[in-house]
Amino acid sequence: MNTFGNKIKITVFGQSHAQAIGVTIEGLPTGLKVDTDRVQTFLDRRAPGKNTYSTQRQEADKVEYLSGLVDGVVCGAPLTAVIFNKDQHSKDYSELRAKMRPSHADYPANVKYGDSYDVRGGGQFSGRMTAPICIAGAILMQYLEEKGIYIGAHISSIGIIKDKMFDNTSFDTDMLLCAGKKDFPVLDDEAGEKMKELILAAKNDLDSVGGIIECMAVGVPAGIGEPMFEGLENVIAQSVFAIPAVKGLEFGLGFESSSLFGSQNNDEYYYDENSNVKTRTNNAGGICGGLATGMPISFKVAMKPTPSIGKAQNTVNLASGKNDVLEIHGRHDPCIVQRAVPCIEAAMALALSQFVL
Amino acid sequence: MNTFGNKIKITVFGQSHAQAIGVTIEGLPTGLKVDTDRVQTFLDRRAPGKNTYSTQRQEADKVEYLSGLVDGVVCGAPLTAVIFNKDQHSKDYSELRAKMRPSHADYPANVKYGDSYDVRGGGQFSGRMTAPICIAGAILMQYLEEKGIYIGAHISSIGIIKDKMFDNTSFDTDMLLCAGKKDFPVLDDEAGEKMKELILAAKNDLDSVGGIIECMAVGVPAGIGEPMFEGLENVIAQSVFAIPAVKGLEFGLGFESSSLFGSQNNDEYYYDENSNVKTRTNNAGGICGGLATGMPISFKVAMKPTPSIGKAQNTVNLASGKNDVLEIHGRHDPCIVQRAVPCIEAAMALALSQFVL
Amino acid sequence: MNTFGNKIKITVFGQSHAQAIGVTIEGLPTGLKVDTDRVQTFLDRRAPGKNTYSTQRQEADKVEYLSGLVDGVVCGAPLTAVIFNKDQHSKDYSELRAKMRPSHADYPANVKYGDSYDVRGGGQFSGRMTAPICIAGAILMQYLEEKGIYIGAHISSIGIIKDKMFDNTSFDTDMLLCAGKKDFPVLDDEAGEKMKELILAAKNDLDSVGGIIECMAVGVPAGIGEPMFEGLENVIAQSVFAIPAVKGLEFGLGFESSSLFGSQNNDEYYYDENSNVKTRTNNAGGICGGLATGMPISFKVAMKPTPSIGKAQNTVNLASGKNDVLEIHGRHDPCIVQRAVPCIEAAMALALSQFVL
Amino acid sequence: MNTFGNKIKITVFGQSHAQAIGVTIEGLPTGLKVDTDRVQTFLDRRAPGKNTYSTQRQEADKVEYLSGLVDGVVCGAPLTAVIFNKDQHSKDYSELRAKMRPSHADYPANVKYGDSYDVRGGGQFSGRMTAPICIAGAILMQYLEEKGIYIGAHISSIGIIKDKMFDNTSFDTDMLLCAGKKDFPVLDDEAGEKMKELILAAKNDLDSVGGIIECMAVGVPAGIGEPMFEGLENVIAQSVFAIPAVKGLEFGLGFESSSLFGSQNNDEYYYDENSNVKTRTNNAGGICGGLATGMPISFKVAMKPTPSIGKAQNTVNLASGKNDVLEIHGRHDPCIVQRAVPCIEAAMALALSQFVL
């Protein structure tokens, strides 16, 4: 199902080439003032066509509100926002229906949905479907900010080029939010330049490249979360894996902690000068037993390289029943990591808003 | 909430020192014959006290069925199975209530639940609560096997000692299930010996050590899964992060894929000799767009080192409101990775059973 | 929440005077061909302004499909359909915000939502919100018909004027569907004329009048339903009480059965000439233990008289904090029972579609 | 599914002759002190075997708590309580498996579950499964009382013998709770005597008789509830129809309101002497638009006569595939209305507790 959450329920609808894509949010606190300009600005961060690092498809992704807002204020009815699709290329999709693109959803979607599957532009599996998630995330981030919770993210790596890391023991929102204000969301702009070079190199080679995003939330109160299946990690994971191309997720030290001793990995508590309980390190990424420790929530997600590449690839042809060769033409991203940064922030917002009512 | 799943709903209850711990499973297919001996055998795989690598606590974890089974056959009513707790040490928990154990749930649980929180033996956050998950998993694995789906796992690493990996393009169930039959569940017993040495070294040093588990399912039909928030990755993640100490999860190549080019990472399709669609590689871990490709589902989880260690640690004392030093005495595992292997298999079973009805 | 169902999930959004009202349906079977003309025709049955018995508000309630359909066929993505609101009268709502209309949602909505509540035209509590339910119901009825399930309803009474009853031991779809094809949906047109007279009399008296609707579904296979909280009765009830003004619901003989002896009320089984199991009577309304018996599912709902009446009424004035007198002007229905008939059919369709996958 | 609720989730398990029946409650407020004696006393109100009006089966229904309580206080883990079954008669159930008891769940359960269905004592469809609901209800009523909410019910009629009605504009808890303290829960004991005579007459005639229960809750704050599918009426209905034999439900005037004019049915608001908003009448049963008005919540449920009667009945024999005659022997209730009174109160508690957190 395209639905997420219990307390604040998000339902995403649409396909890449449907008349519209959109989202319905139930359970928003009545009276919340939504700054729709900020929502639009946030959405623009994931927009394609901004520069040579992304697809050239020009989407006028203007958010329209169908319900739930009266004069910009949440009235208690479900909030539905949509983007009408405009830039669809009408073209022949018969090849795409026959030849399965490697590492896309095409083949399993064909098995699951049969011929009725909307193959145009990736249908409901298109990365375009992250736009409604960003709308919801942008609205929820405004709500979370009212509670003192701020979310930021940055590219942690593209290929083997690494950015600096967040200091996940710091509550400094300047650090947290700075990357999101840049065209290319990194902490270290020098590293960013090298990443861009790598993306261009991949593009020139008709190839693509993956990367890692680091995301963090500060201000999440200690004790937030539920045990077992609805812990913070479970719910963030359910949300984050909704972003296409995410193939891995780790909290705090994550995989690195598996090679450590307990005495190295444990986060010792202390009272700070204001008698607040903190930890010296934050290897747990702010979560123990599914509950927030009060330290920043931090995680990293691994994004595979975009599967749409220009190079010829072997695949199956369902029409002929034979092995075949596929060459994908047209517009695609050599790297979607930079565009996915706000999507990951939005996914974090969806998850956290389940716990902060 | 302690509830998982829509189609087959699992509700776990209990605390480490409650009268009982247990699980209710709703939605099991009526007529399913449950081999309760196999359930017990599966549960015994996570049992402590088997050897020097685990805690000495002797739990006679005998599964008792309260409802849902008639002569071993699922009758359509919810199946409830319990384990009565027997080996609780009655002791003074006032220190534990005051001094927060680093990297345990103690502190956030204290904030969330206040004084009513059951602190005995870790309460509802105890690793003991994986026993009901294993019961559910063992039952569901029998159901999945009827559908031709087999699940196996092994220790992929302890500290920096690595086991061999599963071949995730292979449907060979012998390979898949062999580790689960061993006392120490690895593929490469030589590596296993080194792991045991490392665990003992950690134990002697009053320390603990983490590790990685690889899990795989073969026979999952292509097309299984739901888009966006209920994809296989989302649901497996929700399940797997219910196992305490899991801090990372990656499907297929996972984080490694983030450093690759698309042409390296993409899994090319081909028709095999029986006209089945397969992929040459399985870097996607059998999942694209949240849907099963028909290849084995494979993932790895990172487990942090057990936070309970014998070394003295700095922490806060909530009773005094001051920084303090904690020394944890008594029985604990220097490593829980080997015991967690069946738990991870069970978590996989919980997730897959949501899609295979 | 405005969400209904697990297997087929319906999310309704909008307010009376929002830019649009609409519905998202998840879980529709892929490949289902939707006859959008029939959906529109069904929706028109609840349209106001058709005649003197209803409000004069002219709504051009044209259904537009934003997603989920490709060439009229369900593609697997959520189906979202909307109606853009056009006929809103901009006017001063300050009196409505102050003076609570008796037996409307105004007062509790004011307490719940505060000043942000959308008071225009009844906001999210408007009877207008049944239009999206009808869209969903019309689509689901097409799906149910593919399974051999037909749903019909008629006015059972207006005030004290009674229509004939359905024969709920009959599987005759002509009888079942005939009322729905009439402008005034009754079985007995003579009774219908008297009902109209009563409605006009109420209207002329600045008053309103209530009624009862009988609804039935034939072709529901025996065994459908779930025990306890998700029985047919539970789920139908959850759906039906979403229709404003419904204050009572009874299955089969309902309240009448409470005054009978078991020997009078029990439905004896028999094999018919085709060896199908049937019951001689159907006092149970086709449901025992929450499960379908295979006989027609039948229920009646009580609808209170429309609370909007022209007569002066005593009420509270929240602005002044004093008792006050309210006179409601403008367009309203002297009776909504005839318009609610398709809404009740739709509610039945929403409920049954949860069980028939 | 046997699960109810979102905020406070109730999962009921067991069958009439399973080893145990029980309930798990998730989401109870931590720190709630549970008076287990009062829970037992409440449960005893539904106990059979108390007198000649009920079945002679002697159930030692002693509640045992497996988890979630520490020294009688809710600790935050799910609370599981069970009753071990003791008084099962082992007997031959082959006739029951072949001959379908009219108006029982036997036949549809056979279709749904096949041979694996637990036919002993009605299995999971037994009225005995209301005992866990009563346990949950009794605990939740203690929680609701902390919030100032009190729930009471009484027999409104048995057959055609009527009790007095609650005054549903009154907040008097003495009136509300008095019937529940009596062996035979009526307001008017004279009417009660006639009811008992009618029950005995039915019993002597190998027959059974139905009735109506009126239930009311006072102290429910105005504004409680959610719109559309999760209004108070929807959720109460979902809960109440879980009680076997309930065939009808009406709020406030219910079906009677359908025959009235709006000017008769509308509940006019006024400020009382303490400036509280009240209504002169409460024909709405305290609910408008799914939300609480602040007036007492009142509803009536119709209960059909117990389908188990001693008289010979025609039915089908699934073993022979022929029509047959059934004579039911053994212990059964000539009337379950008096025993169902606490069950209905419990159902109300389950529903209200979803809204009062």
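Letters are used for the chains, namely A, B, C and D, taken in the order the chains are written, and counting of residues starts over at 1 for each.
The rule is simple: contacts are C-beta pairs under 8 Å (C-beta built on N, C-alpha and C of every residue); 3 or more make two chains touch, one makes a residue touch a chain.
Being a predicted model, the structure only gives us computed values, none of them experimental.
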| query | Chain by chain, through touching neighbours only, how many steps does the shortest route from chain B to chain D take? | reply | 1
| request: Specify the chain most distant from chain B by Cα centroid. | output: C
| Just how far, in Å, is the C-alpha centre of chain D from the one of chain C? | 26
| Separation of mean Cα positions, chain C and chain A [Å, integer] | 40
| request: Determine the centre-to-centre distance between chain B and chain C, using the mean Cα coordinates as centres, and give it in whole Å. | output: 47
| note | Two or more other chains are touched by the chain B residues 1-3, 12, 76-77, 109, 112, 124, 227
| task | Using the touch rule from the top, collect the residues of chain C that touch chain D in their complex. | result | 1-4, 12, 100, 102-112, 124-125, 129, 157, 159-160, 202, 205, 207-212, 221-231, 233-235, 237-239, 241-242, 244, 246-271, 275, 277, 279-280, 283-285, 288-294, 302-309, 311, 313-316, 321-323
| Contact residues on chain D for chain B in the complex? | 1-3, 9, 11-15, 18-22, 24, 26-27, 30-31, 64-68, 70, 73-80, 82, 109, 112-118, 120, 123-124
